[in-house]
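Across the two complexes that follow, subunit A remains constant while its partner is subunit B and subsequently subunit C.
So, the complex of A and B:
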């Protein structure tokens, strides 16, 4: 029972990190048709920004700083190159991978290859029953991820900007004929997605090794969530993230991390391949 | 548009995109790298002769350096068959390359070199079954007419090609392969790297080293320097692959492969089994990547888990992108340009070389997406018949 509880919390922990990554990816792909392979690197940018700010003694500002840094760089990237890749999955994958390479190298040149240390803001753990304990920071992370998903769902479903996002996702042509500037929507959506990446980077920084290449670790599994979940649906993304996290935690407890990666990847492939219809609508 | 396509089969929607692209080249989705004309036999022959006489000019050391790049050309070609001819990008080919390299290293690596550590491990392992593996690998490397371990060449290619066929069958069941296949293959690099690091008798994160060259014990290489003999082995493989590619592009099979990427639904309606064609093409591409791995490990004598990483797969895409996907000599030109550039510049630029590569990738892709719009602008400025002579890619046959 204790082990089960541990797996449950561990899975939710992994799932919440996946969720934070997948939300940004999902919203960017949904609105703009951009498959952002630089997403992991925006997470990395957020992690570095939070480390820098908190080492300057302003740990209160570390999360906002990470969001602003990642969103700002995202905005800049969109203005300079990403605008050429709208609705072009293949070009967007290659182009954003290039952006990721640039971000990695710049961070490497500025900070060097060594791992950055980030102190856990709350290092205590709580008892979760059956003699098991769990880090408070991870619990906070799970709650924050779920709250972010809820907030984003509210934002998309209830606000005017959310309406615009839904309209552009559903039909770009109609949206522009109604006077919505789809390029402006795209730009701010990309910034929003990158800001989300920065946010998750800041939250995950104390739990992982902060290095220029840390982004790769988040990428593959976060994309599995995007492939599995219904596009543009926050609830489905949340469910698949947590499900994938639980599956990873279960298999890795039973058979190790490597086996977990392989099993979950194969499961995802089989699930997607046996579906009758794509959940990602074809883009025109 | 999109609201409707949720009900429509995605492939149908894709052909709509292709039609729109033909009519209006200025739309963003018009971007499509496609095959250019296959060159005449004379041109291809001249390039082959130039490559064959290169060691005479470069000397043994230069030939040894150039020999390092030839397997990478095969690797780039394997990705180009998929991307340039079928429009599907793979982020997992470095994993197949590495798998091929490991398999070849196990078969070739006999006693007396570092990979013998693996064999020793297999022999001394407490479980009795492992000894059988060691003897099997030894027997396989024993089949060597003219001193060439042919099974080390054939087996990895066939075995990994079979895996590719199975994987391709599933992958091309996916509704929009050009979107799903890259995302799914992204995981392959991570899987391959982490699992290889966890296997101690394959050298864990150090990998295997001191693998002998393919022609090391062969009388064919008698009198050649070590660099030249490696170059000759790799060149023969490259020319064989390129010759097959040349015939493939002219064959009906090549046309079907092209059509299965361009118009899968129409090909289906003509009674062809599109999924099987695409799975077969994917398998051929994967097998070529494994062959490239074999040639590479027998040239460098070295293979490590890091070679399977996603970044390495992206590197292949950079070679292909620079050489223009679908161009016949594209893989050759792109790979040599980037690798020779990296040989000359990475010493000076150190880490900034990655920055240069990233910028090159971005600019090539931006050029790829914009070139059709630029072409359309050019077409408006110039009469069409003159354009054919001015812009080389306009002469290309689809």
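So, the complex of A and C:
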């Protein structure tokens, strides 16, 4: 029973990091049909922004700073590069990959190659019964991830901007005939997705490490979730993130982390292969 | 028609050969002018630049120092820096350039075993010399490589018995999933069993893995007395941090690492490393004049918050070993002669005394450090100088001759 409880909590913990990482990629992919290969690097930008602000003694502002920095750079990237690829998903992958390389290189030049210090705000654990305990910071991450997903879902379902997003996602032609400028929607969506990436970078970094190349892992995981989940659907993304987290925790407890990685990616491969749905949406 | 084409291609080939020959004859013999070329082959960009740039910096510092002090036999060392960008295919390209075009006397560099193995054929085919200054699993003994990094048996044979006696008999082992940690853990496991200890579990994680929630739970719920870790690179800060995030610390559950250094401790913050042990040949805290001079010189050149670690010290010392070898070699700077000269070369530097042995590996100090609240290692045990054994009997029952002749 203790082990089951442990797997449940660890699974939710892993899932919450996956979810935070995936939301930004999901919204950009869902609305714009662009696979943002710089997503991991925007997470990296968020992590660096939070480290810089924290080391200046302003820990309280580290998360907002990460969001603002990543969203701001995302906005700039859209104006300079991404907007030319709105109707070309394949080229957009190359374009965003390039943005990622630029971000990595700039960070490398400014901060150097060494690992940056990202302090863990809370290093204590709480009892969860059956003689088991769980990290408080991970517990906070789970709650924050779920709250973020809920807010994003509310934003898309209930606000006017969310309505615009849904309309552009559903039919770009109709949207523009109704006077909605899809370019504007795209621009702010890209910034929103990058801001979410920065947010997750600031929150996940304390458990891991901060380096110019840290984004790769996050991108791979986020990509996995987005591919499996229903296009642009927050609830589906949440379910897949937590489901994958639970699967990873179960297999790694039973058979080790190497096996867990193999099993999860094999499963994903089988699901994607049998689904026969193109990665790149036909409508764009 | 076909004949013409053959003729044209023959002509092209001949032309190409002539050009190559001209280039080759245009290049100088190593050491024929007033500089001695030393290749520095490190990743200054890409994933591995995090660890390799500081090594490159330390090597350059040694070059500068030697040149400022008058060079080697009146000749200055000319460093030929090549960046292989964390790409092993590019490493082969760059090694080829250094050996064939620049005609360096020797090359210092490479980091992962995979990168060393990638360039090894080039050095063996051309019978050139590579100085490999990285902690390594051993299991290899090329006549064309001088291994100046520490091998696992050099630290573990002393550290494991000490830890079993001091920390307890039951050991939980963790490591990254590739050759170095597997070899280290195999040696450690053998030593644990030979010394009356017990391995509770031996777990591996994908390279670069940063999610250790379930692993830490397993350790907490095991009856292990301490953890032995051969996790590498980015996994180190992630593991140490998540160990603390789960409410554990290294006083309750001690940890002995074969590799964690000042670089990772700076990255995770001292509070996440305090109380953990590392077995090594070098710590920044070594209190000797030679090391103080080294640390000050590095910090003067690269900033006051620049750490020094085992790999930097090894890269720095290797340049000095190279200097000693070139001095001993006299006028004949061929790789053949250097290979003959290297065994027996010694250098007393930041790591203490180093001696290159006839097996092309290096005898050096074996130390055990414990991280203090300032993030620096306090040296708990100094086991003295220990010779390298690239083929420890615990993992290689029938060791080949060392150096192993190239077929």
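Just so we're on the same page, the second predicted complex is superposed on the first by the 276 of 284 C-alpha atoms of A that agree within 3 Å, B and C clash if a C-alpha of one lies under 4 Å from a C-alpha of the other, contacts with A are read in each partner's own complex, and residues count from 1 in each chain.
Heads up, the rule we're going with is that a contact is a pair of C-beta atoms (placed from the backbone, for glycine too) under 8 Å apart; a residue touches a chain by one contact, two chains touch by 3 or more.
Everything numeric here is computed off the predicted structure, so don't read it as measured data.
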item: Combined model on subunit A where subunit B meets subunit C, clash or fit; value: clash
item: Contacts of A:124 with subunit B and subunit C, given as first, second, both or neither; value: second
item: Partner chain(s) touched by A:108 [first = subunit B, second = subunit C, both, neither]; value: both
item: Touching partner for A:59 - first (subunit B), second (subunit C), both, neither; value: neither
item: First (subunit B), second (subunit C), both or neither touched by A:86; value: first
item: First (subunit B), second (subunit C), both or neither touched by A:236; value: neither
item: Subunit B versus subunit C as contact partner of A:10, first or second or both or neither; value: second
item: Contacts of A:261 with subunit B and subunit C, given as first, second, both or neither; value: both
item: Contacts of A:176 with subunit B and subunit C, given as first, second, both or neither; value: neither
item: Subunit C region in steric overlap with subunit B, selected from 57-65, 111-119, 273-281 or 291-299; value: 111-119
item: Overlap of the subunit B and subunit C footprints on subunit A, listed as residue numbers; value: 105, 108, 216, 256-258, 261
item: Interfacial residue positions of subunit B with respect to subunit A in the complex; value: 1-3, 5-6, 8, 10, 13-14, 16-17, 20, 28-29, 31, 87, 89, 91, 170-171, 173-176, 178-180, 182-184, 186-187, 189-191, 194-195, 198, 309-311, 314, 317, 321, 351-352, 354-355, 357-362, 365-366, 368-370
item: Complex contact set, residues of subunit A against subunit C; value: 2, 6-7, 10, 13-14, 17, 105, 108, 112-117, 119-120, 122-125, 132-138, 206-214, 216-217, 248-249, 252-253, 256-258, 261
item: Partner subunit A, residues of subunit C touching it in the complex; value: 45-47, 49-51, 53-54, 177, 203-206, 208-211, 213-215, 217-218, 220-221, 234, 237-238, 241-242, 244-247, 263-264, 266-269, 271-272
item: Subunit B partner contacts - residues on subunit A that touch it in the complex; value: 35, 81, 84-91, 93-95, 97-102, 104-106, 108-109, 169-173, 216, 219-221, 223-224, 226-227, 256-258, 261-262, 265, 268-270, 272-275, 277-278, 280-284
